[in-house]
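These are the structures, in structure tokens.
In the two complexes below, chain A is the common chain; its partner is chain B in one and chain C in the other.
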Partner chain A sequence: MTTENQFSLVRYYAAGARTGFQRDLQYRMATFMVLVGFLIEPVVYLSVWSAVARAQGGMVGGFDEGQLAAYYVVWTLVRVYNTAFDPKAWEWRIRQGRINTFLSQPVHMFHRDFSFFMGSKIAWTILWIPIAVVLTLVFRPSIEWHVVNVAAFAIAIWGGYAVRFLVLYVMGMINFWTTRGAAMFGIVSALELIFSGRLVPLQLLPDWAESISTWLPFRWTFQFPIEVLIGRLDATQIAAGIGYQAAWAAGLGLLFTVVWRRAIRRYEAVGN
Partner chain B sequence: MDDPVIAEGLTKTFKVPVREAGLRESVKSLFRRQFRYVEAVKEVGFRIPAGEIVGFLGPNGAGKTTTIKMLTGLLHPTSGDARVLGYQPWKRDKDLLRRIALVMGQRNNLQWDLPAADSFLLNKAIYGVPDGVFRERLDDYVDRLEVGALLDKPVRNLSLGERMKMEIIAAMLHGPEVVFLDEPTIGLDVTMQRRLRQFVLDQNKEEGVTVLLTSHYMADVSALAERVIVINQGSLLYDGALTGLSNRFSSHKTIRVEASDLPADLDGLGRVVDRNSAQATLEVERDRVSEVASKLLSAATVTDLSIEDPPLEEVIDRVFSGR
Partner chain C sequence: MSRPIGPGRLAYLHIRLGVQQELQYRANFWVQVVNSAIALGVGIVAIAVVYLHTDSLAGWSPDELVTVLGVHLMVGGFLRAFVFPNMYKLMSDVEEGTLDYTLTRPADSQLLVSVREVELWSLIDVVSGAGVLVWAVSRLGDQVGVIHYLAFLVALICGSVILYCLWIVAATLAFKVVRVDNVMQMLSGIYDAGRWPVGVYPFWLRGGLTYLVPLAFAITVPAETISGRIDWPWLLVAVGFTVVAFVVARLVWLWGIRNYSGASA
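And then the complex of A and B:
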């Protein structure tokens, strides 16, 4: 009865992405409200730093008010692309025995989750557009549009997604050793908030903090794509940033492969 | 060709943290955690030839699901070996995973928020099912399970029975050679149970699918399986014909007799379960059945007499309770 196998990873990614896209469009109102919720954080940051810039004669850390507005408007889109399957979800998935189905299928669940979130991003981006229009009218961001920057941004934002997805996926593996892995996620999230550029542009932090951020993955998932689009990086810096992303993705992918083999041996969903 | 499912000395021991109740024990466990080892499956071995449906029976916690999880690659055994379609399942070879299916009645494997049709398309991509084959099978299964009108309804809006039909379709679309069904009819009404049973039986007869089925409903087992494997407290108790289960575990048979002149005293023949003026039901020890039947035939003008094994539920209850 077995059918001749015509599996193709590309076709699978298309199907997974379509499912994620459909799922999030199905709940478009809920998705839209989450996006609106995302706005509170950058609007607070923007208000504070704009006030600081005005108090300092219009500039802070090399950003004027228009550039700060641009930073935080693009921030909202990058934030969407930074959402991924987090360790709390892994904890739930393992405790409930929900991974049984995925493990009994011939496609690695990494591909399932990665493609699903890719589709989800497309749906979120569509819903983000009206929000971006309103933010632009209210905050008047100044962006110097260059085709090269837009093209590089398209790569950098997906690169950022890949790196953050892998960071969270590797952290999710902790749940195979303890079913309380979410606790550690809290600590890493706090570090990420500072060293990614999510709280403030890294140029506004002390030099030592900015130096540390270069050697952590978070900057390359968050601030780097923003800076690419708003035109604060030259071609060399863009190429280097994409290189950092590729290196982190490769390193984390390798780490995940090693940890996964051990994790799956630990999987003992007794009673599930 | 070797049997598609082979288990040899399959054993799974879980390390489980233990702590007594109370604040003091909570604090103590911070410094010194204690564990105990639970043998969920002990040296279980069996073989299932191609095209056979086998009922896998046992009370809750007997080790059925753990065994199935080892056979589908979800768990590594502590010791022992298994081969499914020639592969060690826990190595999770893609070729093996493409050729088997697992349906867990208490699990939702479909996309909860989307119509089942979308999950079927996802499964098509997962298993690389060609377009024509997919369409042909889907039409056939949808027709047989009468779910055409439900295909575009989100899974969360389906009833339990409707959802289980969709689960079974999703599991069969890639044409698995071996199917593990873990309580597929749990919580379903009798009609729905019958539909699903018939579908599984048809797949077995028409496509030669090998099935290992666990169920607490004896109607599932007796309708589908000629052979049963009984497991209790992790150990295999019985592996053989369903009809042989009574011989092995039940020491008595039931004799029903109808006669207008039944003797007043039947106590010496067996335990009287029920009687009125014209009929009686007796529970008789197996080795006395012929003797008691002859005595009844000679003592009264018998119009009907039947000898039956006790109901399967009763036999299973005896097995599990060790009576």
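And then the complex of A and C:
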């Protein structure tokens, strides 16, 4: 790729991100309501595990109540960064012939979607701040702030976004072969819920389940960034985690390239 | 001139038509079976993980907590089968101005907008929830008697009516602000909080889940009844709350249609 092309791609990303940012700030009430909807899930989990911790004398699985609160408050931000293009939306895109427009453009639609969601996250982060303040006042999380952790978190949360975006994008390719992918997406979503640390910190699962989570991408998209910020990982573990993210992103990127070539050969445009 | 059709028969005819429409799409049955199995599986996993670390959660034993999961699945299936599709249809009718066709019919408009759509396959959740409930209750033994089964039926009906009232009040806001789908999505999110008994939650949240989004009456009270833990006065409060909710929903609906000017005119 020439320098000029690379520069164009950077500008394309900037434009895509700006569009996503402006779209979500334009409909800020709708975005805010979705964020409030996101809150219910961690508040439920936090309440349940705090009750368990209290019943066990204040600690469960190495977490006290303050650390559980820290886990689930950061959870809400990581959840925002984990949103990406839904595989079910691919079915709509294909059925409606919406990808025809993108196929005729000189830049791959991956860049369009990836940059759009990047910009959208900036808007969501702005709207998330007041929610985080309220959660902090209500649940009193205990976090030991370290500059290194905050810097590593800034990398890990975007790394998690990249991996999850690719997981969902690859799953979306299934829609080129079948219109009944919904059941499969449901199964993967359930596995993700359990093995990502979204339902419960992975340390609270049985040992065998926690071991499985190491070999799936979901842990590195969700629990890893949380643990980085709340200070549960040392420098070696943080470096290893970012390495896992990079490996998953590279592997999934390669897989997407291969599957995309086959998928697009099958595709027959209908309509616009 | 023939006699007008009564409300019961009118609801039955609409629901039958909705069922017949759904039966055209039988492949959706299998998709729903998988989705129900996933919802059940995740619910059981969550409970199992909790009891790996404790013997009792806010006074609930594992089998008692499974009854909460069963009721949550059953009531959720009822909402997805009968309430959600009708409320979304109502909102889209208000937005597009096609509600006029319903309002001009010679029957009660609230009844009509509440029975037009059925998502039949969501009833699979009702079946799986009932299955879980039977399994859990069979393990509870003597603490559940005939009186509890009868009271459970009353509590379940009350809970379903309360949630229907909540959703129709939210959907009626569409007469004023048109796009309330985000509010509906938020309510659906809050419904997930009912998977655990409200006693688990902090005081302020418990209050909200009892009187604002009354999952306490809709799910916890039926589960307490079928697991033999009920404080009987709470059942009476649930019945009273149902009556109040129904009257409020009716008044809000009448206010809504009085303020509706139609968009198609």
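The definition used in the following text is that the second predicted complex is superposed on the first by the 262 of 272 C-alpha atoms of A that agree within 3 Å, B and C clash if a C-alpha of one lies under 4 Å from a C-alpha of the other, contacts with A are read in each partner's own complex, and residues count from 1 in each chain.
Here is the rule we go by: contacts are C-beta pairs under 8 Å (C-beta built on N, C-alpha and C of every residue); 3 or more make two chains touch, one makes a residue touch a chain.
Given the structure is predicted, the values throughout are model-derived calculations rather than measurements.
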item	value
Partner chain(s) touched by A:Thr214 [first = chain B, second = chain C, both, neither]	neither
Partner chain(s) touched by A:Gly97 [first = chain B, second = chain C, both, neither]	first
First (chain B), second (chain C), both or neither touched by A:Arg265	first
Partner chain in contact with A:Gln26 - chain B first, chain C second, else both or neither	first
Which of chain B and chain C A:Arg11 touches, first, second, both or neither	first
Contacts of A:Pro106 with chain B and chain C, given as first, second, both or neither	first
Set intersection of chain A contacts, chain C complex versus chain B complex	none
List of chain A residues in touch with chain B within their complex	1-8, 11-12, 14-16, 18-19, 22-23, 26-27, 97-98, 100-101, 103-107, 264-265, 267-270
Chain A contact footprint on chain C (complex, rising order)	27, 30-31, 34-35, 38, 41-42, 45-46, 49-50, 52-54, 56-58, 179, 182-183, 185-186, 188-190, 192-193, 195-196, 200-202, 205
Chain C-facing residues of chain A, complex	29-30, 33-34, 36-38, 40-41, 43-44, 47-49, 51-52, 55-56, 60-61, 180, 182-183, 186-187, 189-190, 193-194, 199-200, 204-206
Interface residues, chain B side, partner chain A - complex	14, 16, 38, 40, 66, 69, 72-76, 92, 94-95, 97-102, 104, 107, 109, 111, 113-114, 118-119, 121-122, 124-130, 133, 154, 174-177, 207-209
